[in-house]
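In this document, chain identifiers A, B and C correspond to the written order of the chains, with residue numbering beginning at 1 in each.
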Amino acid sequence: MTVRTLDETLREHPFFEGVGEEVVALLAGCARNVHFRPDELVFQEGQPADFFYLIKEGRVAIQLHEVAGGASIIDTVDAGEVLGFSWLVPPYRWVFDARATVDTRAVGFDAVCLRTKCDADPAVGYVLLSRVARTMHERLEAARVRLVDLYGTRTR
Amino acid sequence: MTEVLSAERSQAVDAMLPRSFRVERTRRDTRDTFTLELAPVGGDPLRFAAGQFTMLLAAGVGEVPISISGDPSGGGLLEHTIRNVGSVTRALVATPRGGVLGVRGPFGTGWEVERGEGGDVVLVAGGIGLAPLRPALLQVVRNRERYNRVLLLYGARTPEDILFAPDLERWERDHDVEVAVTVDNGPHDWRGRVGLVTRLVPRAGFDPSRTTAYVCGPEVMMRSTALALRDRGVRADRIRLSMERNMKCGVGLCGHCQLRELFLCVDGPVLGFDRLEPLMSRWEL
Amino acid sequence: MTGAHTLALDDLQELIDILSSRGYSVLGPTVVDGAIDIRPLTSVSQLPHGWGDEQDGAHYRLRRRGDDAVFGFACGAQSAKPVFFPADELLWRSRSGPDGPQIDRPDDDRPDDDRYGPPYAVLGLRSCDLAAIRIHDRVLTGRAVADAHYATRRTDSVIIAVTCTDPAGTCFCVSMDTGPVPSEGFDIALTELYADGPHRFVARPGSPRGAELLERLAARDATDEDLAHAASVGEQAAQRMGRRLDDTNLKNILYDNAESAVWDDVADRCLSCGNCTLVCPTCFCTSITDVSDLAGATSERHRVWDSCFSADYSYIHGGAVRESTRSRYRQWMTHKLAAWKDQFGTSGCVGCGRCITWCPAAIDITAEAGELRRVAEHREERRARQP
């Protein structure tokens, strides 16, 4: 088994596809490999949003905990996708719970580090932000379509 | 005076006459969806192509178009998977074993899964849309060696609404079909995916340059899936969709299923996205 | 012209008698409830002697012509559509049996109410209505699966056409290249002459059967003078079209302007009543209605006229595809003037003008098509002017 450097890992992730090597190398300075066991909480609603994750393997469920009836899963994030938007926007606080459903490997970016680098170099910030915006757009669009309950029984 | 084609007159009369089929078995697939297995009362089994539909008649209640969900290779019982949502479908699924239903058809164009031979095949289903795709999958796994990668991307409402779960398992285990299921709403103990089925398209492992895709589900889902497939580089004419309109006669005479110049009961229901795209992006066309 | 004869009204009576004796149900125009419509005909006295019509948007009136013309009206309230394609056709009857419903084919058991069944001989059809029959032949019998009931009613039918001599304000057959002089699809074509000499009819055969019938009448051959007179009647009628429809590039204009504001405007006036589809000689949409007795022991399936203006027409699970009047009118007109060409190789409009006459809101297909063209071309011009 070959050991990949963080740089290599990031460049192979679809999120960084087409992003210049210097930018990836710069952002790699904020990153580290992380691992979550099945059912382990990745983050929790209300806690400071201090990380941004690229999922390499496994699956993370984004959950909303309701008072009665337990949590329901509103989205899942799989290998090749990214997890967490709240680190980007004040007050930097998680809105949902995130829990690994299976053994999950990811790259975690320190949010303060990322924000500092983006502030220092707006060009880098723009690259990162447009990538994040693309993902947010995908998720928002999917969430909106799901609002109509496509497969449900419609009655008028 | 005027020459009127009379050669096909008997054919036309037959197209409007239902054949009697007996209910051999009714299988409950999910809380609201049932599969009826029918045998002809006399005569040969119905020959059909994957993707075709019939008009099912509950005597005295009405007639509805239903896709055939069984094996097109013939011999077995005629299967229809029906969602119990209206007065006719309620009467159909309530027909007891031994009861008789009327069947007209089969009608319309099929999936033509042969077109995908030699390349990758991606089937994308939303909700009850898996039922019309099941004959296509049965045909593909029967001739599995003629296809390269076979993927089934399937979106259901909740885990309880997942259709044909034993089939999904068997296709994955025995026939090297890559099955990805996603639901709109998952309970906390659900280990599978949650999200829109179109989200599975960008990262699914097929080679767009040699892929044929078969898509069935609500029109909104088919449209966004077709766009996602084309964005990945699948040719529009190789993205085949099954359209739903008000099929009544099944032979293009009654006019109800028109989509601009198309009579979907004979020109469709299965058509390429190249043909459908301009017709799908306009409201109430 | 070979085989043309000049007939008197008595000869027409003899023609009706011959056709009746040969087993035809003879039908023709007559005055019914203040309008001219097609009914069973035994005598020429039933023809609308001296009646003409006035037609305009939402307007139809019979008027006294002041002469003895029997075909002096423009077009009746209905074409021959109800003859060959009735509003309600029994498809089959069934009785419940041990193996489910036992279905009787209608051929085995013709309904009792079908006294005026085929073969039909229809007298007095206009050129526009002949064009509509040709279109129905193509739509209903010229494709993979034919409408057997229509085919049966059309089999051996005899068509006696008439040149339109006095077109109405709603007529535009010249625009659609379907009239006013019958050119094909008839056994005999009559041109009624009531000025310059005695009341007479110049009759041209259009088929061997028509020629044979004319020979039987022992009428005199048409003189050159009669033929010339008949031709000029047709030419004059062609000059007196009340309306015009420009068919040039119309398919693309309709396809490309599905979102035009013109549709909103017409939707404000359209009542979605479906009158236009009922009187249109080419509208062919039908629905299937099953009726059963209370015990469910017997049932019948009927094919009935339907209209793309009804909500049920486009119903799928969840609702109607076309909820709005805007989309229904657009469907009707786009099908008639555009999609029809892709489907059947001709326009679906024959220029008879009935949809204009019988629309309670006086919506005019020629005006709407013209407006759509005007707005579309204006937009194109504006776009072309932009750098």
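In this section, a residue touches a chain if its C-beta (ideal position, glycine included) is under 8 Å from a C-beta of that chain, and two chains touch if they have at least 3 such contacts.
The shown structure was predicted, so the numbers you read here are calculated from the model rather than taken from an experiment.
Enquirer: Which chain lies at the heart of the structure, taking centres as C-alpha averages?
Expert: Located nearest the centre of all protein C-alpha atoms is chain B.
Enquirer: If I average the CA coordinates per chain, which chain comes out farthest from chain B?
Expert: Of all chains, C has its centre farthest from that of chain B.
Enquirer: Rounded to a whole Å, what is the gap between the Cα centroids of chain A and chain B?
Expert: Computed value for the inter-centroid distance: 36 Å.
Enquirer: Any idea how many Å lie between the Cα centroids of chain A and chain C?
Expert: Centre separation, chain A to chain C: 66 Å.
Enquirer: Suppose each chain is reduced to the average of its Cα coordinates; what separation in Å results between chain B and chain C?
Expert: 39
Enquirer: Give me the residue numbers in chain B that touch at least two other chains, ranges are fine.
Expert: Within chain B, residues 85 contact more than one other chain.
Enquirer: Can you list the residues of chain C that touch 2 or more other chains?
Expert: Chain C, residues with two or more chain partners: 317.
Enquirer: Residue numbers in chain A touching 2 or more other chains?
Expert: Answer for chain A, listing residues that touch two or more other chains: there are none.
Enquirer: For a test of understanding, state which residues of chain B touch chain C in their complex under the given definition.
Expert: 1-2, 4-6, 8-13, 15-18, 20, 22, 41-42, 59-60, 62-63, 85-86, 99-102, 244-246, 248-249, 251-256, 258, 260-261, 263, 266, 282-285
Enquirer: Help me check something: in the complex, which residues belonging to chain A touch chain B?
Expert: 14, 59, 61-63, 70-76, 78, 80-81, 101-102, 138, 142, 145-146, 148-153
Enquirer: Taking the complex as given, what residues does chain C use to touch chain B?
Expert: It comes out as residues 91-92, 94, 96, 99-101, 103, 105-107, 133-134, 137, 139-148, 151-152, 154-155, 157-159, 185-187, 206-207, 209-210, 255, 258-259, 284-288, 290, 292, 296, 299, 301, 303, 306, 308, 313-317, 321-324, 326-327, 330-331, 334-335, 338-339, 342-343.
Enquirer: Spell out the residues on chain B that touch chain A in their complex, using ranges where they run on.
Expert: 32, 83, 85, 126-128, 155-157, 161, 182, 184-188, 190-196, 198-199, 203, 217-218, 220-221, 224
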